[in-house]
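Note that chain A is present in both complexes that follow, paired respectively with chain B and with chain C.
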Partner chain A sequence: MFTLITFSKFGNACMCTSKFIKSLSTTTNKLSELELNLTERNVSNEVAVMERGPLPIITGRQLPFVPDRRLVRQAWVDNLDTIEEKKLGLVDLHPDIFGAFPRIDILHDNIRWQKLYRYINWKHLPNRMERQGGGRKPWPQKGLGKARHGSIRSPIWYHGGKAHGPRGPETNFYMLPFYQRVMGLTTTLSMKFAQDDLKIVDTLDIPTDDPSYLQDLAAKRHWGVSVLYIDDSDLMPKNIALATDSVGHHNLMPVYGLNCHSMLKHETLVLTLAAVNKIEDKLLYWLHTNDPLTPAKKYTGQHTQGMQ
Partner chain B sequence: MRAWDVNTINVKREPQFRAGNFKFQNSLKEAELWRTLRVSKFAFQKRIINKMFRNMMNSLVKSVDTLKIISKEFTVPVRYPHYYAKDKKPLVRRFGYKDKAIWRGALPRLNTGTRLPKPEYNPSNAWSDKKALFGQNDYIDILGNPKLHPVLISYNIPAWLRGFHGNEYQMLQRKKAFFGQQIASSNHTAYMQMWKRIRHQYKFLNWSKPQNRMPKQYYRDMRNK
Partner chain C sequence: MNSLSLLRSSSRVLLGSFRNAGAESIIAPQVVSRRHKGYYKSSVEGPAEQYTEVEKSYVEWKFVEKLLPPKLVPETPSDPGVVYPSGWKTPNPEEYSKLPYYIRRTKNGMLPVYYRSFNRGMFQTTRVRYVEGNVWILEKELGQYLKKNFPKQPIITHANEVGRYVQVRGDHEPMIKQWLLDKGF
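Our next item is the complex of A and B:
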């Protein structure tokens, strides 16, 4: 595995000194503060605006595996400190990940897979054998002038069993080919970038934990109603975790939680620089590796080992 | 829209008045009469045409009421009207019958002031936790640990169904492998039903004649109706 050289001065430094709160992927539970060794900093909610040097702070990135003929994409780096946006710098983005051809068919395949592979149809209608009763012939075959029947639970009877109805839980599990999923991620990121729905930010530190701060920010910058924030780790700063907890259309995710469906569901995608580095790292590894065995291994039910 | 979708197709024909091009033949056919009907300078021919036409129209009017309107457009002003036509009145059917049905206007409804009961529309929350974060961690083997298969993280699915896809027979076999002993000891009826269904499916899938079995899509459509 190779490593990218990052050029952000303040990106990682802020994270180390501030207090952390674990933001769970499902925000139904109340957030509990992790009491770490307190530093000399203030415990108040209001955090002073970060002091930055003269702009631009970030001026470039090194990109591996870029042939000369491929055009490198570029994006601004914004801030989340203030509602008004400040351009902190300009970074290069890898063309194979953020400039890939928009394959709508592969995107469709990915979305369909995401929706279906965990979907179970629980419909079950009992057949004539499973319905209560119906063992006896209701009336004699001949002599009554009535239609001939053998059971009161046959399919043509009211309250009878269903002959060809839904039978038991029906799973729709299947796995897309590994590299089709990789391509799904690259095309979706490229589409988001091409449509100006992808914003890069230095950190997710915000001054207040008020939910309206982020909504005002998104409104001012014309980001859209729904925003998805992605950071490289699943430990998020306290203020943004509290702010997005009560708001359903602003969501936090780590890099490993990124997926095509969420990217389409949310209008804007906000990535931190660290997240961009990690995403490029991972995707470029899979696009350029010579290891066919790791993704090709078919899942053979390892999770059922040890079950009765 | 097909021909049989329309109950009545009333074809209206415009009278064609052409000057100077009409050829009167001794053997006039009805089809020619329908096609060319116009003022001719020969009164004798005109009378014959009108007589034949009127007879035809009267016989048609008796069977179809709509042609009453059309027949007026088809009439041609002539100098010698038929004598018996002046006293003719429109034919009345069902004489003395008072039709109380209202054939015009909106369909009948009882005006009680209240509408039929309908549940109030309650839109679902599109940004509930489940919906907002749907699909999270589906690409964890690409963007995270390669050893973590998405199946291992599908906690919302019962363990015996994770990573499994099969038809009813395979599903029942799996269910029996996981829960057979438990069901047998707790609910004998349910176990017997499962056992019988497995036996039935085995026979149906392996021994049934091809002509007795429909294509798979047929049964799928029946289930999804």
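Our next item is the complex of A and C:
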């Protein structure tokens, strides 16, 4: 749960990008689907007819805070409603989010943190006090010609306690600094984009809930085995939710769950236009906020104080 | 309000009786000090004539908004090479565009040159961060410039391409900043 950066407090901050592609948010489709679901529960393989506005969907966006000497990145907007790829338009991407310098050291810190913070070391060996018995002196101190011993659970005894063994369970939780987490996201998105592993689609609406549809689509478009679909909200369209449910390597994720580990785990990252908008809004907000220290202080200190 | 005042009066009575417990025959006026200093000690509410009526108005809210700090740092002015009365200078692309490296200003419009001393001042370093382009040429030119100005000092530079910074040992922050400003960054 710590992989995500929660932006809910300042969500939809005063960025000017949101109004340009707000109409493409898939939430309305999802809600109407839910209503349909309540009335008639027909889960069948009927091919629905998708409706879309006039093409091209998007030709340009006003991007704030574009630095000097940086080109605005551009990407094709693809579709998901046919197996064959259709170019629906071009979308401008912010160079600080999708064209950032790949700080692979920061990326490594992020991946290491994501693996470690949830890892609990359960290794434990009992010491001489925790072994059973051993309270009685095994034989008298003098007169037997044997070595002096006071307990059969002494560390030098066979079946004795461990002198300096692992004292588990130990937590490895720590919090990576906030702006390293932000930089990890921008680095990973930029690397995915530079390697052509980042695809942008209009919506996640697909005509059928058959799992083989998405696999055929990924095979046809050379997307590799594993694909991560990201939308702006966690209320996903019904067909893609059913289609990805039984397939382990096709996964859905809302924007608030975006993290470096998952992006690297999947060969292809598929973002909807609404997800692109939201990711840019939130990351740009933290890169240009007037109050940078509030999130930085959020988890440091209070969590680590008790453990040290 | 009523319960609070009741509580106060009862505690006053108790205090007075405790003080006079040893000398019952002496009838002394109970002087209770009223100090309306703290929040809890002060009376909650004055008489009704003291206050005026409250009216909600959103007309003047725009003047409050002027006082609120903006959520985002505004974009820096883009006029090239202008020196403001504060001494702050905007970057000039005409000057730096020929160079093989580029140093981006921070979001606050400052040059990313940072001085750091550690180990109780034992070590001092100055770091130029957010270098784009060729880090090695910047390191070389910066070293030559500092060596020219400080011929008797050892100038030890270090460049990190992955971390995008050039580091110099010693406290050279104002010198490096001026040098970068002269180059148009």
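The working rule: the second predicted complex is superposed on the first by the 242 of 308 C-alpha atoms of A that agree within 3 Å, B and C clash if a C-alpha of one lies under 4 Å from a C-alpha of the other, contacts with A are read in each partner's own complex, and residues count from 1 in each chain.
We adopt the following convention: contacts are C-beta pairs under 8 Å (C-beta built on N, C-alpha and C of every residue); 3 or more make two chains touch, one makes a residue touch a chain.
Treat the numbers as computed from the prediction; the structure is a model and nothing was measured.
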Touch check for A:Ser233: first (chain B), second (chain C), both, or neither?
-> neither
Which superposed partner A:Arg167 touches (first chain B, second chain C, both, neither) = first
Of the partners chain B and chain C, which touch A:Ser262 in the superposed model: first, second, both, neither?
-> first
Contacts of A:Ile279 with chain B and chain C, given as first, second, both or neither | first
Where does A:Gly248 make contact in the superposed view: on chain B (first), on chain C (second), on both, or on neither?
-> first
Residues of chain A touched: more by chain B or chain C?
-> B
Based on the superposed arrangement, let me know which partner A:Leu185 touches: chain B (first), chain C (second), both, or neither?
-> first
Pick one for A:Thr294: touches chain B only (first), chain C only (second), both, or neither.
-> first
Take the contacts of chain A with chain B and those with chain C, and give the residues found in both.
-> none
Chain C-touching residues of chain A, taken from the complex the two chains share = 10, 13-14, 64-65, 67-69, 101, 103-105, 285, 287-291
Hey, which residues of chain C end up touching chain A in the complex?
-> 69-73, 75, 91, 93, 97, 102, 104, 107, 132, 162-164
In the complex, chain B touches chain A at residues 125-129, 132-146, 149-152, 154, 156-157, 159-166, 168, 171-172, 175, 178, 181-182, 193, 196-197, 219, 222-224
Partner chain B, residues of chain A touching it in the complex = 25-28, 114-115, 117-118, 120, 123, 127, 129-130, 164-175, 178, 181-182, 185, 226, 248-249, 251, 253, 255-262, 265, 278-279, 282-283, 286, 294-295, 299, 301-304, 307-308
